[in-house]
Amino acid sequence: MSLARSRPRHGEQVIKAILLVAALVSVATTIGIVVSLLEPTIRFFGQISAVEFFTSTQWGPLFEPPHYGVLPLVSATLITTGIAIVVAVPLGLGAAVYLSEYARPRVRKICKPVLEVLAGIPTVVFGFFALSFVTPLLRGILPFEIEIFNALCAGLVVGFMIIPIVASLSEDAMTAVPSGLREGSYALGASRMITSLRVVLPAAFSGIVAAVILAISRGAGETMIVYIAGGGQPNFTLDLGKAMQTMAAFIAQAGSGDVPIGTVDYNTIFAVGSLLFVMTFAMNYVSARLVRKYREVYE
Amino acid sequence: MPNVTVRGPVAPHTAEALDPVFTVAGLSVFYGEYEAVREVDLTIGNREITAMIGPSGCGKSTVLRCFNRMNDLIPGARAAGKIMYHGEDLYGAHVDPIEVRRRIGMVFQKPNPFPKSIYDNIAYGPRVNGMKGKMDDLVEEALTQAALWDEVKDKLKQNALSLSGGQQQRLCIARAIAVKPEVILMDEPCSALDPIATTKIEDLMQELSRDYTIVIVTHNMQQAARVSNRTAFFTADVDERGERHGRLVEFDETSRIFTNPTDKRTEDYITGRFG
Amino acid sequence: MAVLSTPRSAVQLASKGQPLREHLFRIALIASLAIAFVFLLALLSYVLIEGWPRLDSRLWENMPSVRNPDIAGAQSAITGTLWVISITALLTLPTGIAAAIYLEEYADRDRWWNRVIELNIQNLAAIPSIVYGILGLGIIARTFGLGFSVITASITLGLLVLPIVIIASREAIRAVPPSIREGSLALGATQWQTISRQVLPASIPGIATGSILALSRAIGEAAPLLMLGAVSFIRFNPDGVFASYTVLPIQIFNWISQSREGFHILASAAIVILLVILLLMNSAAIWLRNRYQKRW
């Protein structure tokens, strides 16, 4: 009648070890990404000075003579992402306030899956739509000239792509605001608009900022739309009607050619990749910190 | 005194059970730094029903969960002192908690049938324990013992969640019986049930006490008085830092506790002056 | 008290009519949602109308071509997508579900390594997909020597969607009430028996929903595969995991890059095929989620 283990159970430990290994695959992925970026990036800076990389305004590593100033790529990334944010933040936030504060449950039940469909459209499809429908449309209605490949259209369509991110994460943050706060506001005679703007939005503010930052990071890393609709020329300009090349688009363009390993051209891809990785990583970090903050307040 | 019928003693009067299944000595339970239960001594008699009563937060469920080492599942939980099970230290280094739980079954506060068929609910325990024998017979036997067979014999393939609350709880008792334990621990088994379902479970407990040792935690004094042979009364002390620590106040035959308690606090509680 | 107990006249309590700005605000909110929906509708109708003339059997019976849009098809891209996604599913679903089980059922959150794993998964979910292309190119294709093959693409896409599988599976596992675990453990079941026979079966619908969404993300992904050799015109179906391949999104990209109008029509038709596959998967996920939502 002993209470000792009646039969050995080594299996349990083996299974736990296997599960742990599966969880460690994600850590290995991060290490793999850092390693794959780091080594060619270090070699790149052995060949090209960091000063030129960060200050020169000309980019053309595949041209003769080559130029390695990353600023045109960075500015193109900032410009398209900026346009995207101008589109996505008001529309996404408006949709979120509507879904969280105004819409009846039935309406919400229909609208949310539609937003999910928008979120599920492959970016290559957005890119095609941008190039063959939105750009001709813009050329027809805008009073100024834009090129066939241009930053404006690319940015606009990236904006529509990230609306579901802004909308659904902001709505989560607003739903997390305790209903007591709303009721308190209504009890004082405040209208729905005042309650939404003065009570719910401020209370959900850090969550909304986190959503916007995550959307910016997604926009900055977006590849196919800007590659297809933005064109492949690294112009250092503020003219939205001109073609531009973002960091992600450059990586896609250079990486899809057959670049010989070990050359400066090859290493360039990784140097730009490192910069993009660091930028998005920093944004994600800030966003995650903010999300944790609003969770602490209300949970 | 409240007007309750009290179950008669099974043995000549003695506070301690004569044929103990569990002997608890100086049991303290900690959650991290916090001492939830302080120095409990009691014995659980073989094929008796022992009730643990007291106000909420007095540590009675915590003590119950030590008997089948369910507290092990709570991170930071730790037991000091001794619980002997048939003379074997339940918290000894060689003891396998899974083996313990196979011998000492448990029924929970809220009925928690698995989201599977009635049949599979009963068969689950025997299967994971690798029990031999015809499964259909095992299932029928367990359901019969739990007084549920007649109600469910035609719908064994139905999902257990389709049963009523009282039936679900009897299914959980049947599920515990199916692995042929020696002891059944019940943690407020009727608190989620209506009075009729409660009566059925109480009758069932009387029936089962012929073959099983039963320990029941309840906050319903009448229930303790109706079903148990012995009763342990717990309460919570508040220390100088404002922390509550569960304590055993009095342990005796149920008839004594309810008719002639020695401790003032027990008397106050059962007469409704406190708690 | 007399003043307070005097009922206000009905006239005073009657609505004065919502101020205009309340109405405008509401309209603006509805408009934001409507604009997004109109955009989606325009996109869907455009590709359908544009691709309609080529939406026929040539699309899946013929091989890609850059010379003649009239006879070009996407068969090798469709079979390539099937190959890549099947291998991706085989690799990433067991890994992701296993990782989720570890994090929910075994990991002690007080241990630093478990917190690192958790933080890391959140970060991975937000890394741009093109960066995974760099990982695929630098490590999987080159260092591991797997080259530009189906398996390289599958591993890369698998790692890309792994965080989605893990996060969704964790939520599904967390939704199983603790009382089910207690009930099983109290019967003398081991932890793994409890997980494999109670927790997993109860969380399958949620895990399946998340897995479908993760795979549909992988099906539509093009950017990392641009760097992994999928761009070349492939005129044969893959015959194994080490074969060269192309996939639908890349084939679409190739046709978009052609200047002739016929190829744009072809791209639209292929997009319709891709979207139908994704919509079917999405609907399956939503159906699963609604069908099995919260049984406790």
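Lettered A, B and C in written order, each chain numbered from 1.
The rule is simple: contacts are C-beta pairs under 8 Å (C-beta built on N, C-alpha and C of every residue); 3 or more make two chains touch, one makes a residue touch a chain.
All values reported here derive from a predicted model rather than from experimental measurement.
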{"item": "Chains contacting each of subunit A and subunit B, listed by label", "value": "C"}
{"item": "Far-end chain from subunit B, centres as C-alpha averages", "value": "A"}
{"item": "Most central chain, Cα average position", "value": "C"}
{"item": "Rounded Å distance, subunit A centre to subunit B centre (Cα mean)", "value": "55"}
{"item": "Rounded Å distance between subunit A and subunit C, as computed from the means of their C-alpha atoms", "value": "15"}
{"item": "Distance from subunit C to subunit B - Cα centre to Cα centre, in angstrom", "value": "48"}
{"item": "Set of subunit C residues in contact with two or more other chains", "value": "190"}
{"item": "Per-residue overlap in subunit B, given as positions that touch at least 2 other chains", "value": "98-99, 103"}
{"item": "Multi-chain contact residues (two or more partners), subunit A", "value": "9"}
{"item": "Residues of subunit C defined as touching subunit B within the complex", "value": "108, 110, 177, 179-180, 182-190, 193, 197-198, 201-202, 295-296"}
{"item": "Residue ranges of subunit B touching subunit C (in the complex, touch as defined)", "value": "68, 70, 73, 75, 98-99, 101-103, 105-106, 108, 110, 112-116, 124-125, 128-129, 161, 172, 175-176, 179"}
{"item": "Residue numbers on subunit A that touch subunit C, as the complex places them", "value": "9, 11-12, 15-16, 18-20, 22-27, 29-30, 32-33, 35-37, 39-40, 90-95, 97-99, 102, 111, 113-118, 120-129, 131-133, 160, 163-164, 167, 191-193, 196, 214, 217-218, 220-224, 227-228, 248, 251-252, 255-256, 261, 269-270, 273, 276-277, 280-281, 284-285, 287-288"}
{"item": "Partner subunit A, residues of subunit B touching it in the complex", "value": "85-86, 88, 90, 92, 94-96, 98-100, 103"}
{"item": "Touching residues (chain side subunit A, partner subunit B) in the complex", "value": "1-6, 9"}
